[in-house]
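Letters A, B, C and D mark the chains as written, and numbering starts fresh at 1 in each.
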Amino acid sequence: MSSNSFGQLLKLTTYGESHGTSIGGILDGFPSGIKINTQFIQQQLTRRRPGQSKITTSRNELDKIIFLSGIYDNKSTGTPIAFSVQNSNQRSSDYSDIAQNYRPSHADFTYDQKFGFRDFRGGGRSSARTTISQVVGGSLAQHILWKEKIEIYAYTSSVGNIELKTPYSELDLSQIENNIIRCPDEKIAKNMISYIETIKAEGDTVGGTITCVIKNIPIGLGEPVFEKLNARLGFAMLGINAVKGFEIGSGFNGTVLKGSEHNDIFYKQNNDIKTRTNFSGGIQGGISNGQDIYFKVAFKPVATILKKQETINKQLESSTINPKGRHDPCVVPRAIPIVEAMAALVVADFYLINKSRKL
Amino acid sequence: MSSNSFGQLLKLTTYGESHGTSIGGILDGFPSGIKINTQFIQQQLTRRRPGQSKITTSRNELDKIIFLSGIYDNKSTGTPIAFSVQNSNQRSSDYSDIAQNYRPSHADFTYDQKFGFRDFRGGGRSSARTTISQVVGGSLAQHILWKEKIEIYAYTSSVGNIELKTPYSELDLSQIENNIIRCPDEKIAKNMISYIETIKAEGDTVGGTITCVIKNIPIGLGEPVFEKLNARLGFAMLGINAVKGFEIGSGFNGTVLKGSEHNDIFYKQNNDIKTRTNFSGGIQGGISNGQDIYFKVAFKPVATILKKQETINKQLESSTINPKGRHDPCVVPRAIPIVEAMAALVVADFYLINKSRKL
Amino acid sequence: MSSNSFGQLLKLTTYGESHGTSIGGILDGFPSGIKINTQFIQQQLTRRRPGQSKITTSRNELDKIIFLSGIYDNKSTGTPIAFSVQNSNQRSSDYSDIAQNYRPSHADFTYDQKFGFRDFRGGGRSSARTTISQVVGGSLAQHILWKEKIEIYAYTSSVGNIELKTPYSELDLSQIENNIIRCPDEKIAKNMISYIETIKAEGDTVGGTITCVIKNIPIGLGEPVFEKLNARLGFAMLGINAVKGFEIGSGFNGTVLKGSEHNDIFYKQNNDIKTRTNFSGGIQGGISNGQDIYFKVAFKPVATILKKQETINKQLESSTINPKGRHDPCVVPRAIPIVEAMAALVVADFYLINKSRKL
Amino acid sequence: MSSNSFGQLLKLTTYGESHGTSIGGILDGFPSGIKINTQFIQQQLTRRRPGQSKITTSRNELDKIIFLSGIYDNKSTGTPIAFSVQNSNQRSSDYSDIAQNYRPSHADFTYDQKFGFRDFRGGGRSSARTTISQVVGGSLAQHILWKEKIEIYAYTSSVGNIELKTPYSELDLSQIENNIIRCPDEKIAKNMISYIETIKAEGDTVGGTITCVIKNIPIGLGEPVFEKLNARLGFAMLGINAVKGFEIGSGFNGTVLKGSEHNDIFYKQNNDIKTRTNFSGGIQGGISNGQDIYFKVAFKPVATILKKQETINKQLESSTINPKGRHDPCVVPRAIPIVEAMAALVVADFYLINKSRKL
């Protein structure tokens, strides 16, 4: 039990608050001898970075990764990989208001109640800035997956009511990075961006969904009974800030189907086993069956809005709060690399565990 | 890491296959001195039991609980509580077909690939019969919650396209057990039952959703960062057989709202802190805020249908399968106590963990 | 955290009290496809069994193993292996005295204080009868080690002041089972047995030590930093009832040596790497180096003596206790298979973990 | 499973190599609202620091602690406490010899075999420099113990053949810090120091033992069956570099006693329960009984000696090695704060866990 750790054989432990000196973590259980692509990791951080486009917060952080251990001669040594990212662009002076008043739908109230007090600056430990560590951990995990040519793609599938309805299998996933909302359909991407700009101008925010696809996954990953691959993926996603829902394969829509419609018929194509449909989302009985894994993650609208709101204060008396300054109008574009990272951590962990299941 | 264990301080480890001698488990970390209500536990098992109504499978099992340790003088001793339930109504002779052919959307193929072979009788370890242990573990966990008057209600919120749209807060949750589908709206319940009967007559199956509500939860349960209360609840639910989706609070519907609509405004009522809306589903920053927790779980249609289907066999050659005999046309009514049980395990665990967070 | 579980990838969880219906456990993480030698497991239990010779307690238990899951067609399925052993020869009537009075150097007092009450019959959960589960778990773990030809030998190296001083490397370890004290030197064995008989006649008890040797261990087992192979072996041994000490390699005697005497010089013999001495006990930096592992375990004299003793009672008032009936004069001969079992669990676990350390 | 993590509810995860940029770790599960005494932590590090006296290595490191998270307004926030200590006085140029040749009784060979290669500079991850993180973690854990007035004392009880035979209960433990060997008997301390100076002049090293005493421990800490308080203490100590043995209470000497001599008779003194002897070392059935806990730890002589030695090289061919430069002639004086730290981590963890055992 370590609530700031994630994973079993490959375990990420993270630390850091929004306005501490740094954010970072330790990845333990990483196999030895793997060449580390620091540039890739930095690039994933840059995709998560604030200030990257007109539709993200203007807080400006370089988010430059520094490795402290576990890598020698550019290769993993098998010992814990520690890393950190400095916090630089802090404006603690902004926080007098939120020190006193609980922001609605934030963690201010619950942290204060649970721990007796809190580091209120920028949300402290509850800040989404902590996901930096997850991106680093997941980017390292990707190195394990590359050995097996496992590929992970995440993209924006909806922003508010604007939805990309095309199934992932008909999309060109190489187009995801072509626009700042990270939606592989250029036309819908434009609508999404324009909608976010409107919302931002109002000082408001909006939610959205991210779809994630995992390709070339080996058969046999995932463990019965509790540690199903889908359950760990869900756990990983629901631990990301602002996530309120997770569905895999047919998900909620599958509940209206009949078994005769929903069953994925096995067939043989050349020497591969395939299924005619993939309502299972690539996982059966909690274990990967070799078909694509795909799932969708629901993000609520960001709670920080630039509008005056009724609330209570630290003394639990009625009050108001009127946040100012920088905010993200929609968390989804920056959450893409976080979803990929958490998916990578889950898959890499099960990949390592699976090595012990048959002698 | 123990894939057949669930929980941190309160840890359930389970064993058993569909057609082994028994199903059971060990619950470790259960506090001492708690009077055990065996009747309640048996009653929860009976709600999960096959053959309980015309809309469940006719496999007839008594599912009588036996405790093997950890209880003395009718009270918990603080040592592991082991329990078992005998398997009696086995028809192994039914299984010659599925020994050879992989049932579509079952775990037959993935188990064989992962482990090299499998106990094919009734699905072996992948059978939903293993959830017996979860119901027992969760029913024990409920004893901890009773101390704090925490209440857990689960009910059927949809079967196929038939949906109970009334929010949980406007329902009379004491009516859930009034009908065999376990839906607190009598009229919709009738439609659901009648629909399942039709489906059953076709030899087909259908999916559905279960909504779960947790009331009187103390403020402060759940842990940052990865062990968010919502994340553990999701993990618990997604580990249940046939589950494909989980959403909490506003869930997927919340993604279309603006922040100004979605934020739950705090206010004071007498001496209680309340929120005007509860899109957060009672959890903020991963920690309970004292409001009701509610979430929805999506169950796919049962994969066993009494229809001939194309598939592949053990030799990975094309084949057909034609299941006969008993099956559940819809898993939802029997899954209600499983959802409650897994929720209870999660909440009780965080309740115990929380005792160590402030001195 | 599960205090009744042991191991990481290969995890044994146990249950049961001295006078409950049964003792047993669940072994999770056992690889699939391994043929199970039930006879070997039964034989290990029989070596631990009470009533096996004139120098053990006369409580008569058959200790017959029953497997409940995880084995199909005589092979492990990769799912949890549950097992149980019935308690039959219970004499609960013996226990009126110890229900009221705390036996000196037993766990009666500490259990009552910790848990508020206890199952006092035969020591309840603190009884050494619980080690049955460890012997079964360890005997299963041995199956993994057989694949690598790893051999584990434990023998009695001292009883009271009677000590076998010959180093293990000069002993014929095939002779261990030739006498009831399990000492490979027949002459010293006789002295030990005769001494125990004398002690038993006095109604008294005596301590002793067990030496354990692990041969043919692969290089590379054990993990830095905390999970050193020696640390896990020590943890395993110190968890066995009545153990007060553990030393590996040179142990306490090594502390009086100089580095120049103690360093194990590497050399090459044919194509094998060897060390001229083995003060390290086959482990360097927490990782096996391929040389024999050997360690010694100290067992205190059994606390149950047939003599009247001063003590306190449940009301924490002065009292006396006068145990009658059956007791073990020396725990060591019956502890031999327990030491072997716990060693096997540790080595098998690290063997499985090691599969994930290099890709 | 995370081999670089220690503890259950209070979990320390560490990182760092001898010659990386820094050494550090993350302590998770630390309760909120505790005022942090940084000066105390620094002082414990200073007691571990190289170059502190004429009988330690002359490598000169300031070992200044920096906290990165989890502390706000000088109090713990309940979120992970991350910390680091810079490595400054590195002489990587010293290491060309050990890059090629395996130092006898070091971890060079086993790391290379396990991981395929290693960071050879100063021993990399196997260096005792990594114990810095343990000292910091343990010093933080002490803050929890202070709340209960639990006191931990460690002292040097032998160096080579020079042994302090007086039982701990007759020593003045406030005198430990009066001399550089940290032995509370001034006369024996002088002999120890003088012996170490001789050994150092020879370029040789010597082993020793440390005794640790824990006073004012609450009754009830420790968990059956595997997680006995003594087992966790042993695990903690055996994970410290160079440790080869652990004994608690009567230890190995207790094995020669009879039960009638060894049993600790309970009696009542005023309103306290005491035992006339304390061969149990304050722990019965794995659970603290309120008497002093005491145990002894065996440290082998340091493997780095300034003498030419036969060995093998990276190509597994015969070779020689001739280490030069700085070394510790005896690890014991610097290991005192490490033993205290690991003991503190164990006790604090069980203290937190115990809060969940009775409602």
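Just so it is clear, contacts are C-beta pairs under 8 Å (C-beta built on N, C-alpha and C of every residue); 3 or more make two chains touch, one makes a residue touch a chain.
Keep in mind it's a predicted model, so treat the numbers as computed, not measured.
**Student:** How would you label the subunit A and subunit D contact, same or different, if same means the shared numbers make up over half of all numbers there?
**Tutor:** Same-residue interface.
**Student:** Any idea what the CA-fit rotation angle from subunit B to subunit C is, to the nearest 5 degrees?
**Tutor:** 180
**Student:** Using the average of all C-alpha atoms in each chain as its centre, how far is it in Å between subunit A and subunit D?
**Tutor:** About 39 Å separates the centre of subunit A from that of subunit D.
**Student:** Could you work out how far the Cα centre of subunit C sits from that of subunit D, in whole Å?
**Tutor:** 26
**Student:** I'd like to verify one number: the distance from the centre of subunit B to the centre of subunit D, where each centre is the average of its C-alpha atoms, in whole angstrom.
**Tutor:** Measuring from centre to centre gives 46 Å for this pair.
**Student:** If a residue has to touch 2 or more other chains to count, which residues of subunit D qualify?
**Tutor:** Residues 1, 3-5, 8-9, 14, 29, 32-33, 78-79, 114-116, 125, 224, 353, 357-358.
**Student:** Inside the complex, what are the residues of subunit A that reach subunit C?
**Tutor:** Residue positions touching the partner: 1, 9, 29, 31-34, 78-79, 144, 147, 224, 352-353, 355-359.
**Student:** Which residues of subunit C touch subunit D once you look at their complex with the stated criterion?
**Tutor:** Contacts found on subunit C: 1, 3-6, 8-9, 14, 102, 104-107, 109-111, 113-116, 125-126, 130, 158, 160-161, 199, 204-209, 219-220, 222-228, 230-239, 243-252, 254-268, 273, 275, 279-281, 283-289, 298-305, 307, 309-312, 316-318, 353-354, 357-358.
**Student:** Along subunit B, where are the residues that touch subunit C in the complex?
**Tutor:** That would be residues 1-5, 8-9, 11, 13-17, 20-22, 24-26, 28-29, 32-33, 68-70, 72-73, 75, 77-82, 84, 114-119, 124-125 of subunit B.
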